[in-house]
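What follows is a pair of complexes built around chain A, which joins chain B in one and chain C in the other.
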Partner chain A sequence: MNDKLEIGDTKLDSRLFVGTGKFADYNLIPKVIKASKTQVVTVALRRVDFDTKGENMLKYLPKDVIIMPNTSGARNATEAVRIARIAREAGCGNWVKVEVITDQKYLLPDNFETIKAIEVLAKEGFVVFPYMSPDLMAAKRMADAGAAAIMPLGAPIGTNRGLKTKELIQILISEIDLPIIVDAGIGRPSEAAEAMEMGAAAVLVNTAIATANNPVLIAEAFGQAVEAGRKAYLAGPGATQQVASASSPLTGFLRDE
Partner chain B sequence: MTFYDEVSKFQDTDFVEILNGFTTSQIARALDKSELQPQDFLALLSPKANDLLEDIAQAAHSVTLRNFGHTIFLFIPLYLANYCVNHCVYCGFNADNNIERRKLTLSEVENEAQAIAGTGMKHLLILTGESRLHSPVSYIKDCVSILKRYFPSVCIEIYPLSTDEYTELVGAGVDGLTVFQEVYDRNIYARVHPQGPKHNYQFRLEAPERAGQAGIRTINIGPLLGLNDWRSEIFMTGLHAAYLQKKFPEIEVSISCPRMRPEVGGYEAEFPVSDRDLVQLILALRLFLPRAGITISTRESAEFRDNLVKLGVTKMSAASSTAVGGYATAQHSLGQFEISDYRSVNEVYEAISHQGYKPVFKDWHDLSLVSDHV
Partner chain C sequence: MLVKIGGSVAQIPDAMSIQELLQTKNLPGDGLIIAVNGDVVRREQWKSQKLNPNDNVEIIRMVFGG
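Our next item is the complex of A and B:
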């Protein structure tokens, strides 16, 4: 089956992106990557210790994965742009997940500042993945500003509550001509599969893997769930019927003319 | 409106009566909620909640894990000066105490910075006593400009400043403020801070809000446990943190729960807090404020700190000295108080890792060196 996720010139076999925060041990990260078969990992630049004496998390990442630095900690477009530039200069490539959070209580993204950051970064040649609250108009502006994909949240970061914003994400999938990658909130492989069945292009998972009792095993499960959900989407499942077929049809009196 | 108005509403509240009135079923209900109201928080602080401590611990552990993962952030304090005009009855730096007073020269600051940076620590907290004569804002600013070359994050724990002064220090690269109200009860506050600028309760209480207006990134508040009954003090601290979260949603708010330690003046805590009490109050804070940082310093013993790793704490200091300088400068002055955890950075790192947690040295990146020019 030739089903690749295309982002610019890049073609990906895996539709699972994995976050690297919250792990108890950096040695787990390469194992999680291998088990999940992911090809894209996000890394918070704020946590990367470029100092050679320190523990640099980037050293734990296999050479063949794409690093997608994120702008965690940015409170406005200016800070997000600065973080993206630092990441690129540090050799993290030109993919960037723009995350502008002005609310530390729920960690909800600021769509307005995010749009401003995309405008600057896309012009500078970054491949921009904005993390956003699922809102159609904001997603359209992000697409117009040059985003490579749109990353709506399923539920607030770290809640593991699943696809609480399902209806709104469905609208983005229908209306936006960019890959829709569900980011945040996915707590279980079944929810990842559900997002893929809906037609999401990919999902990003961090907390659910990093805080599981067995992160490597659940990473594998997430990889399989994403694949299964994608296949189901491509297969086009049979329509579900809400009511049983009526034995006395209401339109039975209509005769063929 | 400031938090001062909120505190005023509780002026005549009889906390003892309310706290003793909670039943086990009220506590169980509070534990069941995904978002706790102040009343639920108070229930978890009540004497009765002690009976459900293990259940509360399990809930708090899971909330912490979802929000922070298996991580503990590390920081280290550096005392720049111990000159002080205040008369806090519980503090080793009290103006009345006959101790050697000194402040670091700028070249000593540089030496200290190198010694600390050599341990791998990245988040620095700088402290002074209150002396606008010996450690004015201009001195602190000079120190910050040196320290920023070594540390991605420099936070201050100094006397309360005006909004303009906070703005000046934020501009110099300070990203966090720690300021302890010490005690929220106004009568006790007046008694333990009899003279000096610190006698002004309201000016201190509103310091975090002034720093918030000045654009600070992180705020850490707390009571000094031992000065008053911990249950009502932690309740007010929790409300203060929630107030700051709501007023400044972009700021990361954290809470410290320092227990009084022996100091040179020999002051004894009037309201001692047991280990079990400390655990209960940390758990209650965690459930009331799932996203807030909770800080534990080297005031607590190594063994106790290791056990707290899984109970809601998210930040720890390590290898701390509470004397001026203390990392590189040969001539050590007497500390502000005695610490209890004497382990090195490496030993603390190993101990946290042993608990199945990742010690995080770096959680911020200095953005001031990048140009905005497109």
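Our next item is the complex of A and C:
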């Protein structure tokens, strides 16, 4: 089946994006990437801490995956733009996930500042993926500002609560002429499949994989769920109805009626 | 001279290069991004670019994240 996710000049076979945070053991990350078949992973930028120094994490990432830095830590558009520019200098391409967050309890994104950041970054040639609260008007502004896709949240980051914003995301899918990528909140493969069945172009999963008892196995399950959901969407599921409709012929041969 | 490194004031020798600063901090350059006063300094310039008093140096690396 020739069903690729096209973003700019890039064509992706996998519709699962994977976040790399929260893994207890970095050695799991390449295994998760392989098992999930993802082609896009997110990373973040941080100041070097002279006490721990850290290591170059690029060695854990296969060469053929697209590395999408996020702007986590940005509290306004200016900071998001600065982080994106620095990330591009790291030489990992021009994809960026813009997230601007000031709300520390629910980590809900600031759609207004995000729109401002997109306006600047899109003009500078970035392929911009805004993390956003699902709101149609904000999504339209983001599209006008030059976003490459829209990434509405299903539930607050890291909650594993599923598609709490389902109906609002559905509106974005129907009204916005850009790929809608559900980011945040998806906790189970069934929820990833549900998002894909309703027409999401892709999903981004991090916590649900990183915090599972067996991250590699659930990564594989997420990959399969995304594929299954996508195929169901393309197939066009049958209609629902209230009363039963027999799947087997009811014509009896035991009785004469 | 005094500069800011990662938000904290630090005393370093006059006209120290970025390369020398990383060496004194015992930081391999691998995977690092350096910004001085908000502008990224390309790796090729780490040897030649000398720091000035009151420069604001950020040493950044990629980390795992969502």
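Note that in this section the second predicted complex is superposed on the first by the 233 of 257 C-alpha atoms of A that agree within 3 Å, B and C clash if a C-alpha of one lies under 4 Å from a C-alpha of the other, contacts with A are read in each partner's own complex, and residues count from 1 in each chain.
In this section, a residue touches a chain if its C-beta (ideal position, glycine included) is under 8 Å from a C-beta of that chain, and two chains touch if they have at least 3 such contacts.
In this text the structure is predicted, and so the values were computed from the model without any measurement.
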| item | value |
| --- | --- |
| Simultaneous placement of chain C and chain B on chain A, clash or fit | clash |
| Which superposed partner A:N70 touches (first chain B, second chain C, both, neither) | second |
| Partner chain(s) touched by A:T42 [first = chain B, second = chain C, both, neither] | second |
| Partner chain in contact with A:E124 - chain B first, chain C second, else both or neither | first |
| First, second, both or neither for A:G21, with chain B first and chain C second | both |
| Which of chain B and chain C A:E197 touches, first, second, both or neither | neither |
| First, second, both or neither for A:I29, with chain B first and chain C second | second |
| Touching partner for A:T207 - first (chain B), second (chain C), both, neither | both |
| Which of chain B and chain C A:D135 touches, first, second, both or neither | neither |
| Those residues of chain A which chain B touches in one complex and chain C touches in the other | 21-23, 26, 45-48, 53-55, 82, 85-86, 158, 207 |
| Chain B contact footprint on chain A (complex, rising order) | 21-26, 45-49, 51, 53-55, 73, 75, 78-79, 81-83, 85-86, 101-107, 120, 123-124, 158-160, 207, 210-211 |
| Residue numbers on chain C that touch chain A, as the complex places them | 6-7, 25-28, 30-33, 35, 38, 40, 42, 58-66 |
| Footprint of chain C on chain A - complex, ascending | 19-23, 26, 29, 42-48, 50, 53-58, 60, 67, 69-70, 72, 82, 85-87, 89-90, 92, 157-158, 184, 204, 206-207 |
| Touch list for chain B against partner chain A, complex | 65-71, 118, 120, 122, 217, 245-246, 249-253, 291, 353, 356-358, 360-365, 367, 370, 372, 374 |
